[in-house]
Structures are given as C-alpha cells and as structure tokens.
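Notes to accompany the following structure.
Letters A, B, C and D mark the chains as written, and numbering starts fresh at 1 in each.
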C-alpha cells in the first residue's frame, strides 16, 4: 500500500534529506514539494544529486491540493512553520521539523524564540518527536514536533540516567560538536568554506543555545523536578554529524547498564561495549545513533558519548521514523541504509 | 529468492562498501567474509559503521566452505587475487574487483603490473565489467573483472564518441581528479590527513598510471585501431568521488547527442543538459554517474565531464550491478540509494 | 626608513592577507584601512586572527587623508576600483588588486566585464603586475594592476615557452584547480562549507572565465600573433592554493630547460627537477610558486604543472612584491615567509 | 649576532615547523639537521615546502659535530630523546620537544610512559618549558623540556585561576579538540585522510591521556595540594589547532580578570573581551594563544576557552621562544608571524 506525502520547504537540507530517504521507501509516494523562492524549478535543479528521481515540480504551498495527501512534512523555518500549519487541513497528519511545536509551555517558546506563539491549538496537541521515548504517543498523534538535532543527541545520553536516578542532576555538562549542515543552507559568512574548514570553535557559550529549552523541558519532566544542564556547542569542519560528550557524576557501570537496557531492541540506537566511544563518521548518512560510556579516572564520574547524523537521526530520519509510526507502517521502512564510510 | 554470497578481502574499503550496499539488498545474503590479518574479528570491530548488522565473523579464505555459495566477490589486492581465484571452485560465479583480470593480453598485464600472469585460464574467460557496454556478456559470464575506477570514469565520457567516430583519436586528454579512498586503506605517508587535506596535486604525470592499460585496450578495441590518450590523475582532499575533465576535438553538439543516446534507458548513467557540468558531490555514496558536455570557445572542441563515486559506481556498486546480472535478478537491486548530499 | 601605506577594501580576504604580510615587513607602516560596510570596526573584530596587531580602525575611503601616504593598495571589487582610483591623488602610488586595470584594450574590458571602462587615463598608464616579466616597468610605475590569480598561475607555466617558440600555439590546454578563497568572502550558496567540502567540479567550462582575457592579451603579446588557450577552472575543497596542469605540444626537455632558465635567480619561482610535479600544499601561505615539467608517454607532448597560493603569490603577495619595487626597497621584504605545512 | 643551532629529528612535523620559523629568524643559523631513516636526503625532498631554503643535508646524529653549535633542538620520539640527550655535550644548550623531561618525578614518568627513565641527571636539571610561567628559570636553563601541546593549552586557561584560588579544584573538566598534526607523521590507520575527514570523535576517554601527567604535576604544584582534572581529547578533521573548553566553578568575572591580569604584557597570549570565545582558525600557523571566558547561565560557573596552534605555540614555536630566552636574544624573534587565515 502506498501513502501520499507532501514536503513543505523542500529546498533546504532537511527537505532534500527527506527526499533522499523516501526515494527507496517501499510505501511512500512524494505527491507534492514546496519551496517559496524556488517555486517553478525542478528539484533536480535545486539539488542535482536528486536529478535521477521522478519528482513533482517545486510549487508554492498555496498551490498544493492536500486532498488525498496522507501526511505532510514541514521543513520550514520556525515561525513560518506555525503560520503554515495553522492553515493546513485539520485532518492532515503532520510531522514538523521546525522548532515551533517542541515546547509545551507557550511562555517558554516566547522566552527562547522572542515572539508569542501564534498556533496555540496546534501546539497543545503536538507530540514531542523523540521516537524511542514517545513512541506510543506518536502512533496516535496527528502532529509530531521533530526535536532539535542537538537536543536529540543529548537526550539519548541522559534520559535513561535521569529516569533511573543514577546521576547528580545539578552537575551535567554536555560538550557538543556539530557539523555545519545543522545550520541549514542559509547565506551566512560564518558558514562559508573559507571560514570553517580546518578549524573549530565553540559558539553560544554559556547557555544561550535554543536547544536548551528542550533539554530543560524534557529533563525536568523526566526527573520530576527542575533540571538545568550546561551545554556548549562547537562547530566542526564537517558537513554531517554530531558528537556529544556528556560529563556526569554517577557510577559508570550502572550508567552503562541503564543505557544498554534502555535501548535493547531499539532498531536505531546502538549501545557500544563499556569503554568504547562512538564517532560521527560511523553513523554518517544513516538513522543510527551510537552511545558509549567510559569511567573517568576519578571515582564516581562517567563520560557518556553519543554520535548521530544531524540531518538523519537528528532531523529527517527521525521525521520519517515518526511518519512511519503515524501511518501504521513498519517503523524502519526506508531507514535501514547503512552509514557511508569513508 | 535469496542468493548466498561471499566477500574475500572484506577489511578494505571496497569490501566494506559491498557490505553497505548488500545490507539493504532484497535478494542477497552475506554467507562469508574473509580478511587475512583481521581474521577472527567481527566486521563491526573493523568497520564500526557496520556494527548494527548481523554479519559472519571475518575468517581466512581457506576456512570458507564455498558449498552453497552462489557468487563470490574478490576485493583482494592484485596478484593475490589471481592466486586465490585460481583455487576457487570452477563453478563458482566470481566478481573480481582487482586489476588482475581486466587486461585481455597477458603481455600487457606483465608490462603494466611487472609480473607474468599466473592464472591464464581464468584470464581467458574473464569478461570486462563495464556494465553498460558488456551487459550481455556479463549475464553469461562466470568471472567478471571489475574495471579501474578511473578507467570507468574516462570510458563513460569517451566510448560512445569513439564508437561513433566523432572525435580526433590522436588528441584526447583526460584530466582526472580523484578522492583518496581510491588508494585504499593502506598505510602510506601521502595518504595521511595532514599530508592531503587543504591541497591538491597531480601524480603519475605523463602516462604511467596503470589504468592507462585499460584505456588503451578498450579504446583501441572500440576504434578498431590503436588509440593512446593522455591521462593525468590528481589527488583531491576528499574521500569519495572522481571527476574527469576530458578534452576532445569534435562537434560539441554531436558529442552531446551521442552520449545522450548511448545512455538513454540506462538506470545509472545520467546525461546532463548541454552546457552543464557534473560534480562529485552530486553522486557521492551512490551508483550514479553524471555526464556533461560543453562547447569550448574554440570551434570544434568540446569538454566532456564525468563524475562518479569511485567506491560505488567505480568499484563496489559496479561489482554488485554485475553480480545482479550474473544471478539473473533485477540489475538495480540494492543500488537505487540516492546520493548523500551535503 | 618607513613608508606609509593605506589599504582600501581591508575587510576582504586579500585585504587581510596584505595586513598579514605587512605585519612583519621591516619598512612599511599601515597608516589607513578602509571598509565601507564595516567602517568603524576594529580590524581585529572583522578578522580576529589579526587582533594582536596595533592597527588603525576601519574607515570609509573619504575619511582617509592621503597626505603622507606613499602607496595605496586597492583591494576593492572591480568597477568600484576604477571609480575610486580615478579620484585618488595623482601622485599617489597605487597597487590595484582588482581586474580593472589588467586589460590594455578598453574594448576587451567592456567585452569581458560588461561595462565600459570609466577611468581610461589611469588604465592607459597602468602596468601589468606579473612581477617576473614586468619588473622594470613596475619599478617606474605609478599604478600597477595586479593579475588574476588563475592568470598568474597559467602564465608562469607558459610565457617562457611561447617566448622561446617551443610549443604549438594552437593547442594549449590549462586545466586549473583552485581553492575557494579566490572567490572572496562573498555570501554565495556555492561557497558554503556544506556545498563545497568533500567534492570537486569544473565551472565556467568552455571558455567563459574572465581570466581568459588576460591569457589572450598576454600570450598574444608574447607570441606576436593571436593566441587562444583552452581553460577550465575547477573548485577544490581547500581554502588556499591553485594548481594548473598545462598540456602542451613540444619537446619536454627543451620546455623544462626554458622554464629553468627563465626563473634562475628569481626569488619566488622555483623550477622543480624534470619529472617532478608541485602541490598546492607546498606553497600554502607563501609567496613561492613551484613549476614542474613532465614528458608525456606520447612523443612531443609535455605537461607543465604550476602551483601557488592564490591569496599570496596570486594576489596580495604579488601586490606587496610590486609595492616593494615601486618604493625602491628590497623586493623580497616581508615575503620570505616559508609555506605552512601541514 | 648569529647563533648556530642543530635540529635532531628534522623529518617530523615539529622539526619542519622549527625550520619554517627559523627561516626568517634574524639571529639563528641552522648548522645541522638529523633524521635517522632519511639521512642523506635533502630537507627539500622530505618537505618540499622548504625546498627554497638553503639547508644542510639530513644526517645521522652521530655525524654531527657539535663544536660551535650553541643550541640543539631535539624533536625526537620520547625514550629516544633521553638516550640521545644523555650523550650530548654537557655544555650544549638543549630544548627538548619530547615528553622525556616534562615530569619531575621519575616514578610518574615510569607510570605514564611504561619504562624507567634512563637519563636521571638530565631530568633533574630540566626546566618545564611553559614560557609565561617559567621565564626566569628558562633564561638560566641548559635543558628545557617542551610541554605537551594539550598540556600547554589547558594550563593557559587554568594556572592563573588555580594560583588565585578562584575555582573549585575538585571539579575541573577540560574538553579538548585537536587537529591531527599533533599525532605526528606516523603511519597509523586512524590518521589516514579517509578515516579522519568529515568527522570527529573522542579518544583516550576517562583519563588515560599522557598529558594528564603534566596537568597533575603542574596544577598540584600551583595549588599546593593534589589536583586531578578530567580531560577528554577529541580528534578534529583539521591539521593544526587545539581548542580547549574548560568547565570550572567560580565567579566568571573574577576569572576573566585573573586571566587578563596574568597575560597583560605577554607578547603571545591574548585575553579576549569577556564573553568572546576563540577559534583555532584565528591562531593557525602562529605562536599566539587566545583565551576567552564566558559566564554560564548557572550562577558560579564559567567556561574558559583556549585556542592555539599545536605545532607552533603548542610545540615548535614554544621551543623557539624558549631558545631565544636561553640565548639571551629577543624572546619574540622569528615568532611574530601573523596567523594564516583563511
């Protein structure tokens, strides 16, 4: 059986990644692709790596007839996303990849994103899209909010530990390194090759990155009390991949056990043997996340390392995994592609 | 229906690439993997990006029971390959990825590789594996010789032109740029990151690269007279991808027409609109090859540009495409993965 | 003795490179730096790698008092440059890094740059800045026009050969590979890290690149008859460096001899032993150019390879070398920095 | 006045970097270069980026006549270094770049390096080479032990804070990211371009990296009590550069003040304005270190970020700075080269 889907915002990296994954999906058919400034162009002109595919032309959102479309991926910028989704048919299943429906509390949204939320009804029904922890809700959801890519990475390392009460909640540091595609295809000086290659630096130092809003919401929810972590992202000279090095206080072996237990049976989250650390290059282009735990030389301290591909497991792959659940088809359909190495 | 296959030399990049592609192949099952120095290890230890797969342990070749195995991929170094293949069961279908069975004339083999060929019987029956031009022979073959990755790239741009008598055969220049994975996983100073990144240089300048033997053999065969091209490879600071810029004398529009005609209906070779040039990044990780033609400002001269992924279409993807033909299954099975961009 | 200099357009890469080189120059003092949009900022804010230097603030051009300034570097975009230079004091020595004064024939300028030239008087007096070939003129010049970086690279390989009548003038191919900083700090999608890294592609295929105007002018001038070359630039995933692979018909050994002879005694152009080829990584960050010659396996054909750093020898280093000559100081002052490897 | 120097182990990256820096040094002359396996070769063959220099041939150490040599740089592997230095003339000034003389306590050396120290007399006289903190001792020293590159980076961020009693000594985390040249020119699979580019991963997780021995020694010495930090290095796809993100508990503003005060007047250590973070690309190829401090959103926590070039300030630049002091010449001679960006 084939389900028809639409992708809004198909001219960005997450849109293109959705198309790449759906290209070999056995049960989905791409019925519509939108892009505002590039409407009228063929997808293969905007993304020549997709030129072998037979795809609908890019159109403006208002040109799309949503009749017969089963599910819509929204890969639009935040703020735009809420305005658009408010106007979509109420029966249409939606997976949103923006930040607009991640935060449950509208006040938090306004605090971190600088504007009041304009689609409160939809926000109220949205389910947070971290598949492994919200699977049952996602199956029933009409609207799923994709997580931040950094936020997903950190949560894979920490949720089971907080849940199990294994770590000091007041002393959690997430030192994260991310490839540049997470910043999208926007024209910014600091994203130029000449500015980025052959170097690295932290940004948003000291707790200003918006994905902290998700960490705060989710970790506090799991803990049943407010939890604030420290979080420093760094920009890597690499296109894809996030590796988060998480410093916690707790028993390393118990921590490893808890993570192993949490992910047993999960198709995409792999817990490495104790003492091994993952690398972004071993998950590149795939929907897999690798999680490792090492003991520090100081007793009672552990380092948890998580690696995933920000465009796949951190964004479009996660979105497709959730769409599969929402459509009642095999959760792994279209997603078992092995990582591309080297 | 499932066919059982073996991969000899699975600890190199082409071996790993075969496993990556076969991981989502609907009709192949990996029954055996060999690696000499790493025998006894799990594939996921040697290549952690494959750790989510349930694969047989790496063993020495002599430990493999070939009973019940339908086809064997040999991803061994040249010279080793002929010695091993000579000893394999005579009924086993084989796709060899080394240089050992590419040259029809044993004297040419000895000239370019410095040693007499030691498996002349097998050499005599081998079919050259450039799928689009030897498809019927490959379907019937027991032993197929994978082409050199550079040799494949150049041939996609030139064979139809030579065939159609459209270009000056005495003035062909192939200026080729290749990523580093073509050199394999060998420990050489010039393959270190610090030696390679952020720079480029030509090597084997002046006509010493061994893939010239294939160009000579194939182009002369197509032309019906001796053809010698100029060929300069350059090493790029990139892991995957080859782009060949081919300078020819002939009518640019006729050249474009001939290439378009040659590849119409081909599942993996895409001819770009006249005047467009391909990029390695638009074929990365995929079995697609992109071919473009531009007119030079000087009348009667054209530039043909071909891009493909050396590990996929240039090596392991080609090998799988040929294996599909040899096994009588859909030629594109396992190979429709879209390129990974960015 | 100290000469005061100004740099107009200091917020681009060539402006920053001038500052880098002048930082350790024994006889130059930076008296003024201009940048239109970034006027008012400190240079160390725009280019944090220069923050240890004590530099004048960035100002608008009209704020600069040119009294007492001995020489002015113009690192402005073409078209802007001619408008500005027309208005500078007539006695001020100027080294222009734009394309505006490279072409002797105003009709050629209009043809390649799409607009009539608006500073014809200055154009008439400008000296073409390829130091090794115009040294005497440069010493006497008031206005020197820096060459295109690609144009310089190709000329180092070809001028002595054309001069000596050693090659077929109707069959010259320059296949050139360049790092991305040659395109400047402009915000273009195709210059983003995610679009560029890990791949390569040709651009301006078929003879449309503007540096062809310089090749045509200079090679025809040296030959005493019209010469048109083929020229295909490729974009590399590297920040600095150009390598040009030049295919010519002529005697390889005679070609090597001619180049060796041409550059004997030159402080910055190094001819490699016959059969060796240069690499961009061995000239990175320096004012050196490396030139190599190899014989092709086909008799009477040679491959000349030239490598230099586009920002240094191809642009700002050349400009400083010329400024040294114009000011009557040691030509190599500030320029003997060894390349940075790795 | 000119001092004659020798470099032992000139065929590695730190040896080449010393030659690069000394190339423009006004008072040093390279009198001898050694390399064991490459003895007999010209330096320009081993490092073509140095081919423009007039340098002595590479010889074996025993071929060097140390008469008339004022100072010797030892860029040999650890263990080899102590064996060689033991046999050098007792009056020869030595700057050692290996790990052999960094640790004061022979038992610590044996613990971290797995073998007893064999040059205890020399170890006893060696001065630890972190210039800014041991300047007076270095001026008087005969033998100076260059620091580990990671160890230097961490100390620039932490020494003044420990000294001033500003931070919790039991909760210090150094999350460090380093380019690959720190691992040298050795042939290891994990240093191949194809294994490294486009990805990142931590290594030596949990406190096994040998530079911890230096942190322990130096921080405990400064604090007057045992101090153990957590330290996780990560490998970056970049050739040069280290950035250390240091998490401490203390007052951010006081921390910034202490660092600013510590480095006022220092020629090479630049404290950034409060809230700014450095980048490796702004110190590349130079002897500068940039130090930044930001407040975390959690009260009483600060993030200190330090960036430097591992081959320059982290190794060969530091060595030259110390040599200048030992020879009584200007500390900054040969070292004021501005960083290379982009």
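To be clear about the criterion, contacts are C-beta pairs under 8 Å (C-beta built on N, C-alpha and C of every residue); 3 or more make two chains touch, one makes a residue touch a chain.
Owing to the predicted nature of the structure, the values given are computational and were not obtained by experimental measurement.
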Between the pairs C-D and B-C, the one where more C-beta pairs touch: B-C
Furthest chain, CA centroid comparison against chain D: B
Gap in Å, rounded to a whole number, between the CA centres of chain D and chain C: 36
Chain centre separation (chain A, chain C; CA means) in Å: 45
Between chain C and chain B, distance of the C-alpha-averaged centres to the nearest whole Å: 39
Residue list for chain A, restricted to those that touch at least two other chains: 13, 181, 194-195, 197-198, 237-240, 278-279, 281, 284, 342
List of chain B residues in touch with chain C within their complex: 171, 173, 175, 177, 179, 194-195, 197-203, 205-208, 212, 228, 230, 232, 234, 236-241, 243, 245, 247, 275, 277-281, 284, 292, 294-298, 301, 303, 305, 307, 342
Residues of chain C that touch chain A when the two form their complex: 13, 180-181, 185, 187-189, 191-198, 237-239
Partner chain D, residues of chain C touching it in the complex: 13, 16, 19-20, 23-24, 47-53, 181, 197-198, 239-240, 268, 270, 272, 278-279, 281-286, 288, 290, 336-342
